[in-house]
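Below: a set of structures, written as structure tokens.
Note that chain A is present in both complexes that follow, paired respectively with chain B and with chain C.
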Partner chain A sequence: MLGRLFESYFIYLVAAATFAVFAILTPTILTGANIVNLLTNAAMVAIAAAGMTFAITGGGFDLSIGSILALTTCVLGKLVPHLGAWGAVAVALLVGGVLGAVNGLIVTKLRIQTFVATLSTMIVYRGFALIYTGGRDATLYANLDVKYFTGGELLGIPFPIALTALVFLVAYGAYRFTPFGVRVRGIGSNLAAAQVSGIPVDSTLIAIFVLTATTTVLSGTLLTSQLLTGNGRVGLGFELEVITATILGGTSLSGGRGNVWGTLVAALLLTIIANGLNLLGLPDQYQRLAKGLIFIVALALDSLLRRFRERRS
Partner chain B sequence: MADAIEIRRITKTFPGVAALSDVSFTVRKGEVHAVVGENGAGKSTLMKILGGLYRPDRGEILLEGRPAALRSVHDAVARGISVIYQEFNLMPELTVAENLFVADLPTLPGLPVLRRRTLQSRAEALLGRLALDLDPKAFVKDLSVSRRQMVEIAKALHHEASILIMDEPTAALADAEVDKLYEIIRTLRAQGKTVLYISHRLKEIFDVADRVTVLRDGRYVGTEPVAALTPDAVVRMMVGRDVKQFYAHGSGEGGEEILSVEGLTRAGAFQDVRFGVKKGEILGVAGLMGSGREELVKALYGLVRPDGGTIHVDGLPVRIESPDDAIRLGIGFVTEDRKEAGIFPLMSVRENVTLNVLRRIARFGGLHVEERRERGLLGEYARFLNIRYASEAQPVMFLSGGNQQKIVLARALATRCRILLLLEPTRGIDVGAKAEIYQLMGELSRQGMALVVVSSDLPELIAVCSRVLVVWQGRITGDLSGRQIDEATIMRCATGTASALRGEG
Partner chain C sequence: MATSRFSLRERGILIALALFWAVCAGTNTMFRDVSTYLSILRESSFVGVCAVGMTFCIISGDFDLSVGSMLSLLGIACVAIVGHTGLFLALVFVTLLGAGCGLINGALVALLRIPAFIATLAMYFIYRALAYIVTNGQPVQFQEPWFTEVGNGSLAGVPTPFLFLVALAAGATYVLRRTPFGRYVLAIGNSRRASEISGIRIARVRLAIFTLVGAFTGVAALLISSRMWSANSGMKIGYEFDVIAAVVLGGTSLSGGKGSVANTVVAAVFFASLNTAMNMFHVDSYMQRVVIGIVLLFAFSLTGIRSFVAERLRLRQESREAPKVAPGGESAAAP
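Moving on, here comes the complex of A and B:
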């Protein structure tokens, strides 16, 4: 029992320990401004990872979200001047929802594996983004409404943090307290059984992809607000960062078992590492090395613990 | 009163194979109707048609006299048909209650919010009605195979089904649980439900069924009341000839001891186990589920690591830490879980057999495997084991259960093992293939191989083994040979009600 508890909270310990180490090495990390900055950066990965948690729990992936992120910045870059910040975000959410549904339809109706299906749409959607902006930046320096999404506050809380909290409360609720959550776990656990049991497999899978796409649009909104420009080339490798956070957070790659709060903490951990290494002045190429090593150590410890528990039980 | 099911001239063809040709028979309302036949006879296809998973090429199904279009699982459920398939159809990461009601989870009115309490109490009510002792909150992944089977049955029954189809429902059950299942089936019959019961185990058909329909090679052979039949008559109908020597007895007299263990212990699985097996001996290992018998045998193959004790092969102490170690020592292994741990479903027949010996048959330091040598090896075992397949490049998943089992056996034999560990060697395979496997075990023992057989099928152990160890709570409570080997004695040892029996006299 203790082992199981330890296992599901392992990521929290790693995050706390990492934060403590950086706090000793570079106390700047503890300044209020840096913490807000850190949380804002974490929000971008975390929000998309909330959606990804459902995709991976359902036994799949969504590799197209990096492209959806880029397309979101483009849509906002083009439309904010015409529709205002909120109107443009509404359109972006709609576009994201449609692209997610397309992913879902490809997976369910054409029966293509999620990995390959979203690998293909990853290329297509980035194509859309580049075509839409003609490969140029769609700058928003003239219209600073979008600034609100990173600079503004909601009920006295910085907007990105409030948004993250909201997304994760909804995600946790959906995972834990709705039939949708049970269906996603069921599908990820045994697809054939889910089908025979009468779970509406297709519509659930489509819903999952709509979810990954729309959460990514929210992440993209934060990014646009930070960059103040729409660009079809941003977000390369974003999907990998998001998948890393989800898996590091304890969602099982083999499907069926997710960990919503673990995802949030892992996204924070990733940002703490990046932020800490930056503050330490480590050049980018060494940062990559350090990040990779930290992941391997964390995953190895997790796997060791799991085996230890299985042996004890 | 109209018949519950009327099957009219059903034909179903798969590329290259006629699974069912022109099959017709009727199932009466409220009867337990057994369908038997060897693997490949078309039983499973028929069940899948009734369950809405397959559509027949020709023919029609009438339910209570009315034609039924069963185009999907949903259609079948809507018409009151519920199927318990042979493969487990549970979702391990969901709880028992979630598995039972996943198709219609209770929610707050108008909101997609689960009512966990309602779910819990519905599950309790259903399990209570069937007198099944299961915790609705337990995760299915934490349940034993037999408990999963109980969940499966409960799940099939909650849809208010009037027709229940059971495909090999006892394949994974221990005897006590089989009795429990009979009880459930009789209760269902008393409630006027119709049960279609598919099994390879003839004893069960005579225990539980009212009538039996026999299929052979996709064709209808006949339907008879069970009371008018003998087991031999059913076997004759199934295989179309007499099957002589249903069991082939192992000999195994007087060989020298090839494998022995002493003080073998693993916390929570088995304690201080000591036994030996001789060349040419067929040693049975009996015990109830959870007695530690599988773990014990798996320890000899390096799949389970003991905490203490020694293993000797040819009188020399050995360390077996992985299957690779075991294979090097001449120990072969046939898993009880053919589907999950036995076959590589998508790989070819040839590859499945030669996989463990590629190092031996490869040339240029393992760089090149000559297909000719692989083929030679396959041909040798295909003849010896009478394995039937369309082509050596055929993926193993398309073979019948019996032939898949022979492939797994061939892979073990290809390592040229001298000691063969077999777990449930005939689980889920038909009578014909069973008899062949028994004969094979006899042949291997005559060639001097030592066989260790774990089986839940007591008549099988009694017929095949020259000696039987009985395990209870991780300890050997019986070491029976000769006349001592009978069901009553084994059961007494297996339930710990006999003081330890060792050797004859």
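Moving on, here comes the complex of A and C:
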């Protein structure tokens, strides 16, 4: 019982401790402006990770989201001047939904493993983003209505935070209480059993990929609003960061066991680390090294916990 | 199903390459010149050498996504020391260093039991960051002719890197087909459970496979840095996809258990031909990515299409034999 509790809430403790350590090392992390900045950055990872939680719980992965993120910034960069901020976001969501459905169709109809399928579409989608913008920046300095997505407020709460809260409430509800959530968990824990028991496996998998793509479009909207630029080269390695957050949050790589709130906290933890290292003046490449190492540690823990659980049962 | 030695399955990529060359030669005069083909062979070696090692990895049912970053790190090490140690020692050193990196990957996968895809994805970032940190983002160069000759020179008209590739591929084929280690690799790919029961020390074999991939990446790093006279922390991003694509296009099954080193080499030549042709026909460089991604998807789906056809044939046969039994439900790919 105690072990179980510790296992579920471990990540919260780690996040709190990390924040405390950085607060002592660089008190700047506590300033109001920095906290809003930190939460905005966390929102970008967290929202995409909410979608990824379903993918990994379902026993799959989506590696193409970094490219979808880049394509989102390009679509917004090109279309906001013509359609306005909300219209362009609607188009971007549509594009993301279609690309996600393509991923899902490739996985289910061509029967390619999700890893490899999304690895290929990762290359193709980034190609689309680069072709669409000709590899150049599409800037939005004259269209400041986009700034609402990071600078504006919804019901008095900064928009990115409100959006994250909304996404996670919906994600938790969907995961816990809807037939969709049950199907995802069923597919993830035992694909063959799910098929035999009549779960519509193909359509559920396609829905999962549409979900990862559209949540990534929401993250991309925040990113575009922050950068005021669309570029086909942004978001390299974004998929790794999102997958790290999901696994660190307690969603098991072997499928079937997800943890929506854990994902949120882990995304926050990763951002605290990045933000703290930044404030301490550590160069970008060292941060990448640190993130890679944290990823390895998270994976090793996950695998050790899994073995521990197997031995106990 | 492939009982004949010359089945379409085993020679498919060779036929595809011959057809592709025929079409290119018919439509572009530059494809009627021997020097074009020699240059294709040279370019194919840089991917091919690493792909030979990766063939073992994919046959055993694993992947190594970190080879591109490892290549950058090893290339930097090679260029940095070759002036002091000479060519032979540099080759030995960079191969051993590669083997060491591979050993780390193998330890994560085989001992800590992290899925290979994820573990090597993390190492992909770590090796690249290390490459950047040791050079501070600056390229390292070494331009003495005795070094650059390895990647750019020819021996009796044949590009030197291709000679490396042929020698390594021949050795690897021997190891895969004629030694106990090769049989273990195939067995693990076929069924890990069965191999374990029959007494194969799986962890040790997988550790050896990843070490092997690292060593081959070391050789590739020497060839590529010699070809470019230099190395840097941003070189060959996406190299791992080229390598894996060559292995898979060569017919090595993604689900493990079968594959051929020779076909991997032919597939590497095919990709080099595709790149050369796209350049000759002035395909936009961004469009080239899309084309390669789609060729990849096609290659990856070959296994799926083949099993789909086989299943349909089986179902048809079954329904003919026992018409009253309803066919089984739709099944999806294992994610």
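In this section, the second predicted complex is superposed on the first by the 286 of 313 C-alpha atoms of A that agree within 3 Å, B and C clash if a C-alpha of one lies under 4 Å from a C-alpha of the other, contacts with A are read in each partner's own complex, and residues count from 1 in each chain.
The rule is simple: a contact is a pair of C-beta atoms (placed from the backbone, for glycine too) under 8 Å apart; a residue touches a chain by one contact, two chains touch by 3 or more.
Note that the structure is predicted; figures quoted are calculated from it, not measured.
Visitor: Examine A:Ala274 and indicate which partner it touches, taking first as chain B and second as chain C; both and neither are also allowed.
Guide: A:Ala274 contacts neither chain B nor chain C.
Visitor: Which partner does A:Gly58 contact after superposing on A: first (chain B), second (chain C), both, neither?
Guide: Second partner only.
Visitor: After lining up the shared chain so the two structures overlap, which partner does A:Arg185 touch, if you call chain B first and chain C second: first, second, both or neither?
Guide: First partner only.
Visitor: Look at A:Phe295 in the shared chain and tell me whether it touches chain B only, chain C only, both, or neither; answer first, second, both or neither.
Guide: second
Visitor: For A:Phe177, select first, second, both or neither according to whether it touches chain B, chain C, the two together, or no partner.
Guide: first
Visitor: Is A:Val89 touching the first partner chain B, the second partner chain C, both, or neither of them?
Guide: The answer is neither, since A:Val89 touches no partner chain.
Visitor: Chain B or chain C: which reaches more residues on chain A?
Guide: Touching more of chain A: C.
Visitor: Which of the two partners, first being chain B and second being chain C, lies in contact with A:Gln195: first, second, both, or neither?
Guide: both
Visitor: Quick check for you: in the superposed arrangement, does A:Ile106 touch first (chain B), second (chain C), both or neither?
Guide: Only chain C is touched by A:Ile106; chain B is not.
Visitor: Which chain A residues come up in both lists, the one for chain B and the one for chain C?
Guide: Chain A residues touching both partners: 195-196, 255.
Visitor: In their shared complex, at which residues does chain C touch chain A?
Guide: Checking each residue of chain C against chain A gives 63, 108, 112-115, 117-119, 121-123, 125-126, 128-130, 132-133, 137, 238, 241, 248, 254, 284, 286-287, 289-290, 292-294, 296-297, 300-301, 303-305, 307-308, 329-335.
Visitor: Note which residues of chain A are touching chain C in the complex, please.
Guide: Residues of chain A touching chain C: 58-61, 106-108, 110-117, 119-124, 126-128, 130-131, 135, 187, 191, 195-196, 201-202, 205, 232, 237, 240, 243, 247, 253, 255, 285-286, 288-289, 291-293, 295-296, 299-300, 302-304, 307.
Visitor: Touching chain A in the complex: which residues of chain B?
Guide: Interface residues on the chain B side: 53, 73-74, 77, 85, 87-94, 98-99, 102-103, 105, 107, 112-114, 116, 155.
Visitor: Quick one: in the complex, what on chain A touches chain B?
Guide: 177-183, 185-186, 188-190, 192-199, 255-257
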